[in-house]
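Next come the structures, one after another.
Shared between the two complexes below is chain A, which has chain B as its partner in the first and chain C in the second.
Then we have the complex of A and B:
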């Protein structure tokens, strides 16, 4: 791993150089909401942000995406599309970078998802440590840190008057190689400053989710009335799933005119009753309690069973934006205390 | 498997057979891939499924209802219920559909060699069983006694009528048909499938029971199989759920941590007892 220093003056210059050669996405203010958007100039980016409201997973697993085109009807034909879109995601938070690694499990395996994996494998994640985590942040509950370099290609950490830069992957090295002039080697004192900054950030995280033995505990309370109590407040809007950086459910729909059409994949949510409704009218998850439970189990029981990792990164979006204040930290912690 | 698992191959409808008419009609579509190489390489086992689509209307997940011992085509049996199945029912021979697969696991055709097999089907649930029945009949000497129990609401609702008639002619297959309510001229069993099962009373010795049908039927069939002394690892079923991807990614067909499309659709009752989740 290379340890470098980037001065604050050089940050925009570095980004402008990257923009010349790459498609660069960064956090941008959009009517008071920060979202990752493509930038044409470094000064369009806003790095003074907590996190984007919309998870940057949307750049890899698009909310709406054409999977192929076709000439519709019983005499129709299929027209494959080219998947490209190599991009740099600049300023991604360590939690969101981790979510991409979690999504890798769902989209790889026996059947490889070419749309997700092509974009994922060609994209470069340049992370920005989170120095002032939000009130509902809890990445530390999963032994992670707001300044973790584990899941990014390059990590920038603000250490006061400059950025401490950790170059993690080969993809990261390739990026730095071309822009050497903006960087200088880091000193031992810089590394110490990063560790101190990281410690300070960790200490500002006040909330903890208790996930010890959560898989086993959930195994025992599937039929418990606790889930109905949790669901009583839920209005089924699904915002928790749309804003979740690890949710990967989708729908596939055909859209067409008389002469042309496309098969489209769109994000879907297990909060919708239609999600599991069968053509016969039968629905295996008819009640909101079934659906609320599915969301929690998918993240804290099924995903760990299948891939050995909890599918939550502690970004806090679902807590911040739930219209009825359902709090996943509280739900999971309380679920762990329910008597089977 | 196509390099892009979401991209179907085109197949031509060679033949359409109306299995059942009425309000919930069933048709069997005989499909042949447009590209001969794909047709030749499309290998599957009884129990596996395929995604079939009409371009512009969408896709549905169906059990392949023909046996791999029948070469050069695949068949799916479709009940007209929703948007896609209604559109499929309007198609004619020569029309093209998209097909991708095969998906899911399959019946244990090798492990069950030498065993007595009891098939218990209801309604459109016979489709996946049909594939296995055709298979074991084509390889008759590999298997023990064969009992085929099947029921429908009325005699008009019985699918694969001609094939049942053919099976009834054979001395080495026992067919036990039933209808739910009494009809003039019906001399076979009247009543629900689980009751017909009790009356047929197959022995659990060296036997495997395979059931598919409406959820309520499966529930009582399993209860009655247990009454007859079948253990939970002698009972198999094949499930269905609403599906979109067929490859374990879109999320909706899970029962607990298992996806019906990828980890199923064939499950032993032993497995099902040990996973929780709505189904």
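Then we have the complex of A and C:
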């Protein structure tokens, strides 16, 4: 791992250089909210943000993905899709970067997903440590840190008057190699500053989720009336799942006009009554209580059983924006206390 | 200010009755400025009920979200009443639904609370950031009294209220079975200032504005699900055959969805602002709703959700209805 220093003046110059050779996405303001969008100039980005309103997973696992195009008719002309060019995601938070690593399991199992994996493998994640975590941030509940370099290619940490830069992967090294005029080697004192900044950020995280033995505990309370109590207030919208950086369910549709068509896949949500509705009319998850429970079990029971990792990174988006205060920290912590 | 004891007693009495399934009200939320919908199935559940300016949700949505699973052999349908705690605006939703025959008047017990304005969660969170412990917010005349760690700050209501409360003409529920506290009269007026200003813009400016807004839409349908008047058995965006709106999320389909939503509520929207409150992408949906509300008031002199006996706007015809817009 290379440890470097980037001065604050050099940050926009570095980004502008990257833009010359790559497609760069960064947090951008759009009427009061911040979204990862493509930037053409460094000054379009806004790095003074808590986190993007919806997760940058959308750049790899697009909300709407064209799988192939076709011409309607008896011949069935199919036109394959060239999968997106490589992207640099600049300013991704460590929690969102971790979510990509969690999604890798789902998309690279027995059936490898070319759409996700191509974009994932060619993209470079340049992380930005989260120095002022929000009210509902709880990445530390999963032994992670708002300044973790584990899941990014390069991590920048604001240490006051400059950025401490950790170059983690070969992809990261390749990026720095071409732009080394902007960087200086870091001193030991800089590394110390990063650790201090990280500690300070960790200390601002006040909320914790208790996930000890949660897999076993959930196994015992599947039929418990606790789930009805949690779901009573759910209005069944897709906020929690669409804003979740690890949710990855999708639906496939053919959309066509008389002359052209495309098979697309779009994000789906287990909060939707149509989710798992079978052609026979039978739905194994007929009520909102079943569906709310599915969201929790998928993240805290099925995923850990399959891949040995909880599918939650603690970004807090679902808590911040749930219209009726269904709070995953509270739900999981209380689920752990329910008597089977 | 509402006497919470009086509210809890009324809820207890209501839910004690055999023909009431539950009462939905509010309880303390899990952090900061949150309150959350709460369900009392038994009298003791009422003890957690609260009412404060943090009670921003329109609970009239819950009777409409009732799930009716298929009955097993020999099983009787549950026809018990549902009790709902409502503010002035929320009560108008119930009136509108009754008008439309979406709900039987005798199937709801309406517990009304006169309300002189709630907070806008986004505004209060911005003014007092980083609150993890529950914050106590009280109504104090033309101010909100906000107590954080024992220290009370008073802030003018105008600064923290959503726009809908600034122009609210129905602070007291228009229909109720039980009223908690005293009636409040409003001298506020809706002058549609923002709508009129927007109307003056050119077509191009309007389009650019909304395109930028709809671009953000992720079609989570929180606007629809939080809306008590969006209670179609199958929403047209969920229909596959024919498919009115595509599942593709792009500015064209998003525009179709957002405009259809607004038009389906023409003459029905009661202005509770839930759609805008819950939108995770900050789309100002009330600007669309207000435009329609204004047009309908000007064209037909009609206000939705006031009189449960009246007919819905789109179910009426008067010989002198304006028709110059009909081609």
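Quick note on the criterion: the second predicted complex is superposed on the first by the 337 of 340 C-alpha atoms of A that agree within 3 Å, B and C clash if a C-alpha of one lies under 4 Å from a C-alpha of the other, contacts with A are read in each partner's own complex, and residues count from 1 in each chain.
Here is the rule we use: a contact is a pair of C-beta atoms (placed from the backbone, for glycine too) under 8 Å apart; a residue touches a chain by one contact, two chains touch by 3 or more.
What you are looking at is a predicted structure, and each value in this text was computed from that prediction instead of being measured.
> After the overlay on chain A, what do you see for chain B versus chain C, clash or fit?
In the superposition, chain B and chain C stay clear of each other.
> Under the stated touch criterion, which partner chain does A:53 make contact with: chain B (first), chain C (second), both, or neither?
Only chain C; A:53 stays clear of chain B.
> Check the residue A:330 against both partner chains and state whether it touches chain B (first), chain C (second), both, or neither.
In the superposed model, A:330 contacts chain C only, not chain B.
> Would you sort A:222 into first (chain B), second (chain C), both or neither based on which partner it touches?
first
> Measure off the angle at the C-alpha centre of chain A toward the C-alpha centres of chain B and chain C in the combined model, and quote it in steps of 10°.
90
> A:206 contacts which: chain B (first), chain C (second), both, neither?
In the superposition, A:206 touches chain C alone.
> Under the stated touch criterion, which partner chain does A:64 make contact with: chain B (first), chain C (second), both, or neither?
Only chain C; A:64 stays clear of chain B.
> When the two structures are overlaid on chain A, which partner does A:251 contact: first (chain B), second (chain C), both, or neither?
In the superposition, A:251 contacts both chain B and chain C.
> If we overlay the two complexes on their shared chain A, which of chain B and chain C does A:282 touch? Say first, second, both or neither.
Touch status of A:282: first partner only.
> By the touch definition at the top of the document, which applies to A:113: first (chain B), second (chain C), both, or neither?
A:113: touches chain B, not chain C.
> Is A:38 touching the first partner chain B, the second partner chain C, both, or neither of them?
In the superposed model, A:38 contacts neither chain B nor chain C.
> Please work out how little space separates the C-alpha atoms of chain B and chain C at their nearest point after superposition, in whole Å.
Scanning every C-alpha pair, the shortest chain B to chain C distance is 7 Å.
> Mind sorting out which residues of chain A both chain B and chain C touch, each in its own complex?
Touching chain B in the first complex and chain C in the second, residues 251, 253 of chain A appear in both lists.
> In the complex, go through chain A and note every residue touching chain C.
Interface residues on the chain A side: 30-33, 35, 53-54, 63-64, 134-136, 206-207, 229, 232-233, 235-239, 241-243, 251, 253, 255, 264, 266-267, 269, 272, 274, 286-288, 319, 321, 323-327, 329-330.
> Sort out for me which residues of chain C touch chain A in the complex.
Residues 29-32, 34-39, 57, 61, 65, 67, 69, 129-132, 212-213, 215-216, 218-222, 224-226, 238, 243, 246-250, 274, 277-278, 280-282.
> How about chain B: which of its residues touch chain A in the complex?
1, 3-8, 10, 53-59, 81-82, 85, 91-92, 95-98, 215, 240-242, 244-245, 247-252, 254, 256-257, 262, 276-279
> In their complex, what parts of chain A are in touch with chain B?
67-68, 70-78, 80, 106-107, 109-115, 219, 222-223, 248-254, 256, 261, 263, 265, 268, 270, 275-280, 282, 284-285, 290, 294, 297-298, 301-303, 305-306
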